[in-house]
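Two complexes follow with chain A in common, the first pairing it with chain B and the second with chain C.
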Partner chain A sequence: MTTNGIIQILIYLAVLTVLAKPLGIYMTRVYAGERTLLSFILGPVERLFYKVGRVDPEKEMTWRQYGVAMLMFSLVSGIAVYAIQRLQFFLPLNPQQLAAPSEHSSFNTAVSFMTNTNWQGYGGETTLSYLSQMLGLTVQNFVSAAVGMALAIAFIRGIARFQTDKLGNFWADLVRGTLYILLPLSFLIAVLLVSQGVVQNFKAYDTANLTDTFVVQVDKKDDDGNVVTDEAGENVKEDKTIDTQTIAQGPAASQIAIKQLGTNGGGFFNVNSAHPLENPTPLSNFLEMLLILLIPVAFTYTLGRMVRSQGHGWAVYGAMMFLLVVGIATAYIAESRGNPLYPANVDQAVVGGNYEGKEVRLGMANSVLWATATSAASNGSVNSMHDSYTPIGGLVPMTNILLGEVIFGGVGAGMYGILVMIVLTVFIAGLMVGRTPEYLGKKIEAYDVKMAMLYVLIFPLSILGFTAVSVLAPDFGLTSLNNQGAHGLSEILYAFTSGTGNNGSAFAGLNANTYWYNTTIGLSMLIGRFLMIIPMLAIAGNLAQKKVVPATLGTFPVNTVLFSVLLVSIVLIVGALTFFPVLSLSPILEHFQMYAGQTF
Partner chain B sequence: MRDLITSFLMLLLFTISLGVIYPLAVWGVGQAFFPHQANGSLIRNAQGEVIGSELIGQNFTSPTYFQGRPSAAGNGYDAGASSGSNLGPTSEKLIDRVKGDSEARAAENPGTAIPADLVTTSGSGLDPHISPASADFQVARIAKERGIPERELRDMVSRYSEDRTLGLLGEPRVNVLMLNLELDRRFGRPVK
Partner chain C sequence: MKKAISIWDANIIGRAVADSFKKLNPLTMLKNPVMFVVEVGAAFLTVRMVMNLVMPGAAGNFPFELQITLWLWFTVLFANFAEAMAEGRGKAQADTLRRSRTETHAKLLRNGSPEVVSATELRLDDVVLVEAGDFIPGDGEVIEGVASVDESAITGESAPVIREAGGDRSAVTGGTRVLSDWIKVRITANPGETFIDRMIALVEGAARQRTPNEIALNILLVGLTIVFLLAVVTLQPFAIYSNAPQTLFVLISLLVCLIPTTIGALLSAIGIAGMDRLVQHNVLAMSGRAVEAAGDVNTLLLDKTGTITLGNRQATEFIPLTGIDEHHLADAAQLSSSRTRPRKAARSSFWRSSGTACEAGRSTNSRRMPRSYRSLPKRECPASTSTDARSGRERWTRSRNISVKAVLSLRRNCGKWLRRSRGQAARRLWSPTIKRPLA
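And now, the complex of A and B:
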């Protein structure tokens, strides 16, 4: 840990906090349909959407109608992304003439982007054409984020309103969030990113003549292009001089801005924001990192404003910020200690610690800060390789997702996630004092708690279930592993955690581009998104119908430090009870093995 | 059914506005104001041929050049197939590789600790930078191979070292490709 590193982290947290209020107010106005600064340009566009879609934005929906509209839109989105990929070989804007990805890979990617997960089963520059990236992925980056935000707003309306069964109009929320919030911010940041060196073009990949050529051993091939083998069946090797470098290009900046802002995280290039053309400078890194948590943090302010209790918004912010800081500190300390298995004459302190998989221009502090932020939110973009983190360093992003991504969380998804946790918190607080629990003037009853429990239980069922099956299957589960021992379990666990949590980051050593993993991770993403949204919307619909219960002396106040502490405890207890056993077999075990000098 | 039609029409409009107009707008502004950056920050030689990108590392293996970090991208610094090693901290492959690389490094500059970035792969496999400490570590070897004074090399390294942005963000670093191109300009390109 260095002083400069700590200062960089504090600057980041301070800028986020300062921006929460103005953006939070702006978001409140946008979703209320009020006029904003941008209305004079975007107003006509917004009305065009309603006209073409034949929607009356004033007509509000019940929770069921809202949910059905959301499901239909997601279904159509998923089919569109699948079709674009499968047809990319005869669609235009494919200068590298990439073939269509396999059915299971296309299914995985389609589900991944429609659910705002953006798990990268595909390889970016080696798999998808420019057209697929733009029409398929960029569009879903926007709308899947806008869907999440719309759902969070609907939930907050459910809390803020009394004696109604209406939660707002899905189409209006979708269009407004996209046009007024995501689009202008993305455009601004995309241009700034281009100024830093992020590419934005439609040309074929460049070829550079190398200053210093080098020789590598490659498989020898005969005239028909088949690999030549010797008597023992081993591939025959031959020397090949490498004298050129292919430099991937493409319309990257426009996609990167929104993949950060919409907590999507699916990279334009294979290695995501570790790629120098995706994240070339410390400034581009700061901007991209800021976008990860910008909207989720602002949502806490929006919550306070919409339920007319700004203190409650800040109490939620406080609980989340506390967990975020604990995560950053843990990862930073663990990574700074370096890898004890390296030879003694390797100076790890000079670069700040465990440097495998990290970039020099970004350094240790920015790597751990990004890793913590991207997993706290459901972003999943990376600027360093989580697979190569020390066990405790890698435990932090995994734990962040396992806690349900409620540490600010995904755009919208984090907000409705924490609201479910809040329902549980006030319920347990009520039990402790023997009173009917209340939340912002509403009685929390059996139905709400049942739905909240359903939300909490679906999550581990998907993660642990799929992980268990994969671990027990040597021929299709374990063959994908890049690492053995406890770290292998971490790779599989992380994959399903990331899928179900709709995060999208990976312990990328696992070769997930197989029939089994593409399909099951795809399923886990669907479960983690839609099966969890339904109970959440049901709670919102039920809350909206309740009558006001006037606050009394016995009401548990939700705008105090005590509430924040209790909320943190509930989040930690639910997470720990569910996942401690499996974590103790993966990163925690590996930590002790590493210090005992054991390798695999 | 009504929702399905609305979904389709909405997605169509979103695809036009977000999938076509938005990337084209960023492209237009980028090409107009930052054409060099938007096209990959390419470096060209006197003949106009592309010889690299300022932002992408290259695999320097000759002892006469500053060498970058080990790379897991393709055959080494393959900027058409970026990749990290993704080896976990207790992986035997990783530890063996680090041991092998550090022994080779120790031979060229005995008695000096090896900065860790010289024996670890980057996240992208394309890291254009090394730490100033790693550049210093290689000065003695290059001075000997090229027969030039160490002092001149050190001056060059410090001129090519970039500090943190605004003195705060990121880490101090040296761009290996730019440094090596300068090396060739000043002292001639070595024959292989």
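And now, the complex of A and C:
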């Protein structure tokens, strides 16, 4: 740990906090349909959308209608992305003549981008054409984020309104979120990123001659392109001299801006934001990192404003920020301590800790900060490889996701996730004082608790269920592993955690582009998104119908530090207790094994 | 009922121990899913342990297995015991109530002459004679006579009410007391169906419903149980992967540690204890739901104050504002309250007496003045008796040589002072009588 690093982290958190208020206010106004700065340009566009779609933005929906509209929209989106990928070989903008990805890979990618997960079972520059990237993925980057934000707004309306069954109009929320919030911000950021050197073109890939050639061993192939094997069945290797490097091109800047802003995280290039053309300078790194948490943090302000209790918004912010800072600190300390298995003559203080899998351009502080932020925010973009972190350093991103993506969380998704947790917190706290619990004047009753528990239940069901099946299946579950033992378990667990949590970051080390993993991770993404949204919307609809009970001395205040502390403990109890048994067999076990000298 | 029954009573403990075994019946346990899971686990482990013992070749670690199994059974039994203890005190109280019922005697009228029998022997359509000082032996209808009845035990209303044959004032309740005169009552409820019997059943917890919050909490507990069940069930595959498969004994004990057993075990006991505590304060909650509703009350509106104040509210202290003489205040308060209805004038008794005695604080003769009002039966006290009140005030003012006009002006001024002040003093003084709060 260095003072420089700590200062950078503090500046980052301070800038985030300062931006929360203006953006939060702006978002509140946008979703209320009020006039904003951009109305004079975007207003006509917005009305055009309504006209073409024959939507009356004033006509509000019940929670069921809202949910159905959202599901229909997502279904159509998913099918469109799938179709574009499968047909990319004869669609335009494919200078590399890339063939269609496999069915299961296309399914996985379609689901992944539709659910705002952006898990990538494929390598961007080697699999997808520019058209697939732009029309399929970038569009989904926008709208899947807008869907998440719309849902969070619907939930907040459920809390703020009373004695109504209407939660707003899904189509209006979707259009407004995309047009007024995501689009202008992405445009601005894309221009800034281009200024830093991020590529934005439609060129075919460049080839550069290496000044420093090197030799690798590759599988020997016969004239028909088949791999040659010897008598023992092993592949025959041959030397190959590498003297050129392919430099990938493409419309990257526009996609990177939204992938960061919309907590999508699906990189344009395979190595995501560790790629020099995706993340060239310290400034671009700071900007991209800022975008990860920008909207989720602003949402806490929007929450306070919409429910007319700014203190509550800050209390929620406080609870989330606390968890985030603890995560950053843990990861930073663990990574800076480095690897105990380094030879004794390596001075770790000079080296700066465990640098395996980290981009030296960006440094230790920016790597752990990014890793923590991206996992907290269900973003999933990376600028360092989580697989190479120390066990405790790797535990941080995993725990962030396992807590339910509520440490700010995905755009919208984190907000409605934490709101469900708040419902539980208020319920438990209220029972402690022996009154029917109230949340901002709404009584929390059996139905709300039932739905909240359903929400909580689905998460471990998907993660633990799929992981358990995978580790018991040597044929299709374990063959994908690069590492064995505790680290292997971490890799599988992380994959399903990332999928169910709609995060999309990968621990790597696991070849997920197989029939089994593409399908099951795809399913876990669907479960983690839609099966959790439905009970969440049900709570929102139910809360909206309730009467407001006036606050009295006996009401548990939700704008205090005490509330934040309780909220943190509920999040930890629900998340940590559930997953502690499995975590103790993966990163925690690995940590002790590492100190005992065993690696994988 | 007045005397609190100690929970360490040998009878209660004995009965609770027996009950905690009776409650092991899975059908009873199913009502409490968390403890049901523990019981199933315990039963499963017992079978497994025995199998490990008797089956040849089965390698078991008997001392460990026995210990775990016993702990689990103990957990279940303790939960049952806690519930049985909570019920036990209620039952003991119900027994006391029941005893008092058997000790009540009734003058059963057969062939016109009264015959003393136990109240429990009364049947539907029996006719009993109740005289001054007697308890009415059961719920019934007055068929002859008029009497003033003290129903405070049932309604809390301290003033006696008139019960007479015919009309809508003919119903009487068992357990109430005739104060004067006599009535003949036709019994309208069989034993076991009377108001008192229902009260007993309630205290015993026989008719206990689960409250809405309890239901919600149960959902939460069941949800958490499922989550942890999932965590433990999937632990075995991970353990196998890590080459460290665990025995059932370890897994089930881990499960019991994780699921919310403490709150699951004590939930019903908490509910019962809540109602039980009210009973100790002589408050009968008709259901746990009512207790919970009481907890949610924000504002209490009372149509008559007598129900909760025994009808003799008194001011205990006068706190004059600066610049006001205490005598003056007492006078003003007295005058103000004398304009209210006669029944409420009871409350001004202290003020009147202290107003004359010029002494703020307790007064020995505070009850003297209003007796004429207080003892008036309800029916003789219609709401529109303002003329009485007026004449009472006139009498009072005349006796002090103050004109009514002066009194009214005094009262107005007094109101002004109070209105001007926003302090605690005004509120404390005025809250007993004021209809609308000033502040």
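Structural remarks
The criterion applied here is as follows: the second predicted complex is superposed on the first by the 569 of 600 C-alpha atoms of A that agree within 3 Å, B and C clash if a C-alpha of one lies under 4 Å from a C-alpha of the other, contacts with A are read in each partner's own complex, and residues count from 1 in each chain.
Going forward, contacts are C-beta pairs under 8 Å (C-beta built on N, C-alpha and C of every residue); 3 or more make two chains touch, one makes a residue touch a chain.
Nothing here was measured: the structure is a model prediction, and the numbers come from that model.
Annotation for chain A, partner touching more residues between chain B and chain C: B. Residue contacts after overlaying the shared chain place A:503 against neither chain B nor chain C. Of the two partner chains placed around the shared chain by superposition, neither chain B nor chain C is touched by A:120. Within the superposed three-chain model, A:109 lies out of touch with both chain B and chain C [touch as defined at top].
By the touch criterion defined above, A:345 lies against chain B but remains apart from chain C after alignment on the C-alpha atoms of chain A. In the superposition on chain A, contact is made by A:590 with chain B only, not with chain C. By the touch criterion defined above, A:513 lies against neither chain B nor chain C after alignment on the C-alpha atoms of chain A.
The contact surfaces that chain B and chain C form on chain A in the two complexes overlap at residues 485-486. The touching residues of chain C, counted against chain A in their complex, run 212-213, 215-217, 219-220, 222-224, 226-228, 230-235, 237-242, 254, 258, 292, 295-296, 298. Contact residues on chain B toward chain A in their complex (touch as defined above): 3-15, 17-20, 22-23, 25-27, 29-31, 33-34, 37-43, 45, 49-62, 65, 69, 75-92, 94-95, 98-99, 102-103, 106, 113-117, 119-131, 133, 164-165, 168-171, 173, 177, 180-181, 184, 189, 192.
Only residues 424, 427-428, 431, 434-437, 444-446, 448-450, 453-454, 456-457, 460-461, 464-465, 467-469, 471-472, 485-486, 489, 549-550, 552, 554, 574, 577-582, 585-586, 589 of chain A touch chain C when the two sit together in their complex.
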